[in-house]
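After this come two complexes, each holding subunit A, first together with subunit B and then together with subunit C.
== the complex of A and B ==
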């Protein structure tokens, strides 16, 4: 019978908290920047000039059809050859932004394309500017439609961030690996970090469902 | 409410996981059990040339592989080489995924609490190895520098012990990544074994140099605690291999030098 001994894990709890905090910072930061990027790209893809559309398509296809592990290796080990040297944590953030941006663009594009053309024409007929039409008539209902997909993409991003320990960024998974390697209490450590990831995922999906209710409730009550 | 349902499901799942994990036992093993089964699962590193590599046919090979094959032959069973990594090799052993490790596992007191070691079958020396234009001649000078190591390796433990405040130790999952970080300039030095250093001297001559020696270590074959009969069998096998010169031949083949004196006792 394997004897569970959680004492070494509890003794290193500060490391786990520190790691979990970095995981949250990385995921939330990557989502904020990635979401802004996605909105711009999705807008460009649906109403931008052809060469720009091709460039964005190429970016999306490359990122969505290659493993995240390879992308992060490329950014951390490859970019120094081009003169850009990033610390492990910033390389991790960049990799997550680039990755989330590709999926986010496609999700938001699908939302934008779900908006009926007549709605946009109505906006134009009312004398709204192009930006106002995009912001008020296209983007908000589009976000309402794709919010569940965006939520799961964010959760997926947070779980994917556990890979960043391969370039020695010190996130939750890295903290777990460090404790495991010092104490060899592998079951206990992985059990605890599984529980932490699970708790974070559930907490964020709760948060997102509250945001959904608050900002994207439909029909709008006034 | 949907969220409550999800939470309940997750907690249920987690408890199920706990139940499965707790039935996994780290059980002792005997040579008879292995012989009856007709095959032996041996864990080895594949990212630690020349001890463990993947050869051109994408099969595990190297010093460890040759020792593992000879041991299986001695037991009269088929060998099944299982690639493991530095950080997960002991978990692989204690969770019964492999029968024993011929995984360049350095003999340390901390590890000896979790596994039982055979007599040494190989030995290496470990040094700090870094860029020639950075002065890292002693431990105090590591402050303010980036040092790469493979997580949980002997290099990691010994550098962590001597590193002063302000030294930035970056832990990678394996030696290959640490070496890559050194080559790409992400770290200024790494903790490396003499074998890795020899390989690096070939790929990138005169860019790096050995700064100082961290420790010498011997490597042992590891089995689960309490597997005394199996351990006895392995020790007898190693004694035979050392006497007959077979182990020396494997050492010559992979490292280009005879077996070090401190192993031939």
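== the complex of A and C ==
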């Protein structure tokens, strides 16, 4: 009979906290940068010149139809061949941004397309500039429409970020690998790590549903 | 010693793609059976069944696939099986797919208007017949596009089996890269092969979705 022994895992508490914190920082950072990228790309896709639209489409299709693991190998091992050498943590961030950008652009584009054309025309008729129309009439109502898709994409990003442990970034999954190689309590280590991921994703989805209720609720009572 | 990247290296990567396809097919079949059970449990009248299915979905959608693979891989040893990357990957990916397909199909079943099921009940059809002849055929139409979309996600997910040592496409890429040290070429080819498998599926999913949307708008 197998004897479960969680003591070594509990003993490495500081490594777990450190790893979990880096996972959160990586995911939030990648989402912030990725979201900015997505907004620019979505704007270019809906109102940019044809070749730019094709380039963005190609980027989205390539990223969405290849595994994240291969993307991060490409960035971490492939880019140095072109002279761009990255530390594991920055390669991880770059890979997550590039990955999130593809999904984010499509989500934001669908939000933009959910805005009725007449509203944009009304904005233009009122003398707003193109940027103002985009920011005030398109972006905010679109954000409300896509908030659920965006938040579940964030949680998916956080779970996917565990893959960056393969290039030995210092995230939560990598903390698991380290503790495992010190203690050999493989199952216990990954059990605890999985539980922490679960707790984080539940906490974030609770937080997001609170934000959704507070800021995006209809009717707007103000 | 560093080998040059040649035709043999390319063939090695190409043949490894069949293991990606095999693993995907098995995980999809296993996930199909599991997902069907989960979807029925999730939409059933019995509360404990519904809650158990919801917990299962939450658990697998709220944790990384990589950790699921590790837990099955190391857990096999604990319950007395020899550690085997092939079986661990099959089991973990099937469970993973069960949760996601279960959630997709629950949505499809719930998208069929309640009146359909009520009318069938009024006609005296029992649960099995109601599901088989009334609800599921209509739900299936709705389910096709997201199911194909998930298949793409599953195929990409099989790449993680390389981390527990299963020799599929991504692992073959790593092996060849270690021998030739041409990461740019090697991972471009690996990515291109994944793309060649996944892209047609993505396009199909989108086409079906558009067709269905047009039919609904009519």
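Going forward, the second predicted complex is superposed on the first by the 222 of 222 C-alpha atoms of A that agree within 3 Å, B and C clash if a C-alpha of one lies under 4 Å from a C-alpha of the other, contacts with A are read in each partner's own complex, and residues count from 1 in each chain.
One rule holds for everything that comes next: a residue touches a chain if its C-beta (ideal position, glycine included) is under 8 Å from a C-beta of that chain, and two chains touch if they have at least 3 such contacts.
Bear in mind the structure is a predicted one, so any value in this text is a computation, not a measurement.
K.L.:
Check subunit A with both subunit B and subunit C modelled on it and let me know: fit or clash.
P.N.:
clash
K.L.:
Which partner does A:174 reach: the first (subunit B), the second (subunit C), both, or neither?
P.N.:
Only subunit B; A:174 stays clear of subunit C.
K.L.:
So, does A:114 touch the first partner subunit B, the second partner subunit C, both, or neither?
P.N.:
neither
K.L.:
For A:70, using the defined touch cut-off, is the partner it touches subunit B, subunit C, both, or neither? Pick first, second, both or neither.
P.N.:
A:70 contacts subunit C only, not subunit B.
K.L.:
Go through the superposed model and pick first if A:202 touches only subunit B, second if only subunit C, both, or neither.
P.N.:
Both partners.
K.L.:
Of the two partner chains, subunit B (first) and subunit C (second), which one does A:193 touch, if any: first, second, both, or neither?
P.N.:
second
K.L.:
Taking the superposition on A as described, I'd like to know which of subunit B and subunit C A:163 touches: first, second, both or neither.
P.N.:
second
K.L.:
Pick one for A:61: touches subunit B only (first), subunit C only (second), both, or neither.
P.N.:
In the superposed model, A:61 contacts subunit C only, not subunit B.
K.L.:
Pick one for A:47: touches subunit B only (first), subunit C only (second), both, or neither.
P.N.:
So A:47 meets neither subunit B nor subunit C here.
K.L.:
Touch check for A:81: first (subunit B), second (subunit C), both, or neither?
P.N.:
After superposing on A, A:81 lies in contact with both subunit B and subunit C.
K.L.:
Of the candidate stretches 93-101, 165-173 or 237-245, which in subunit B collides with subunit C after aligning the structures?
P.N.:
Answer for the clashing stretch of subunit B: 93-101.
K.L.:
Show which residues of subunit A both subunit B and subunit C reach, each in its own complex.
P.N.:
2, 73, 77-78, 80-81, 165-166, 186-187, 191, 194, 198, 202
K.L.:
Contact residues on subunit C for subunit A in the complex?
P.N.:
Listed in rising order, the residues of subunit C that touch subunit A are 58-59, 62-68, 70-71, 74-75, 77-78, 152, 156-157, 159-160, 162-163, 170, 173-174, 177, 182-184, 187-188, 190-191, 194-195, 198-199, 202.
K.L.:
Of all residues in subunit B, which touch subunit A in the complex?
P.N.:
So the residues of subunit B in touch with subunit A come to 2-3, 6-7, 10, 14, 17-18, 21-22, 24-26, 87-88, 90-91, 94-95, 110-111, 113-114, 148, 151-152, 156, 170-173, 177, 180-181, 184-186.
K.L.:
Using the touch definition from the top, list the residues of subunit A that touch subunit B in their complex.
P.N.:
1-2, 4, 73, 76-78, 80-81, 85, 88, 165-168, 174, 177-178, 180-182, 184, 186-187, 191, 194-195, 198, 202, 205-206, 209
K.L.:
Which residues, counting only subunit A, touch subunit C once they are in their complex?
P.N.:
2, 61-62, 64-71, 73-74, 77-82, 155, 159-160, 162-163, 165-166, 173, 176, 186-187, 190-191, 193-194, 197-198, 201-202
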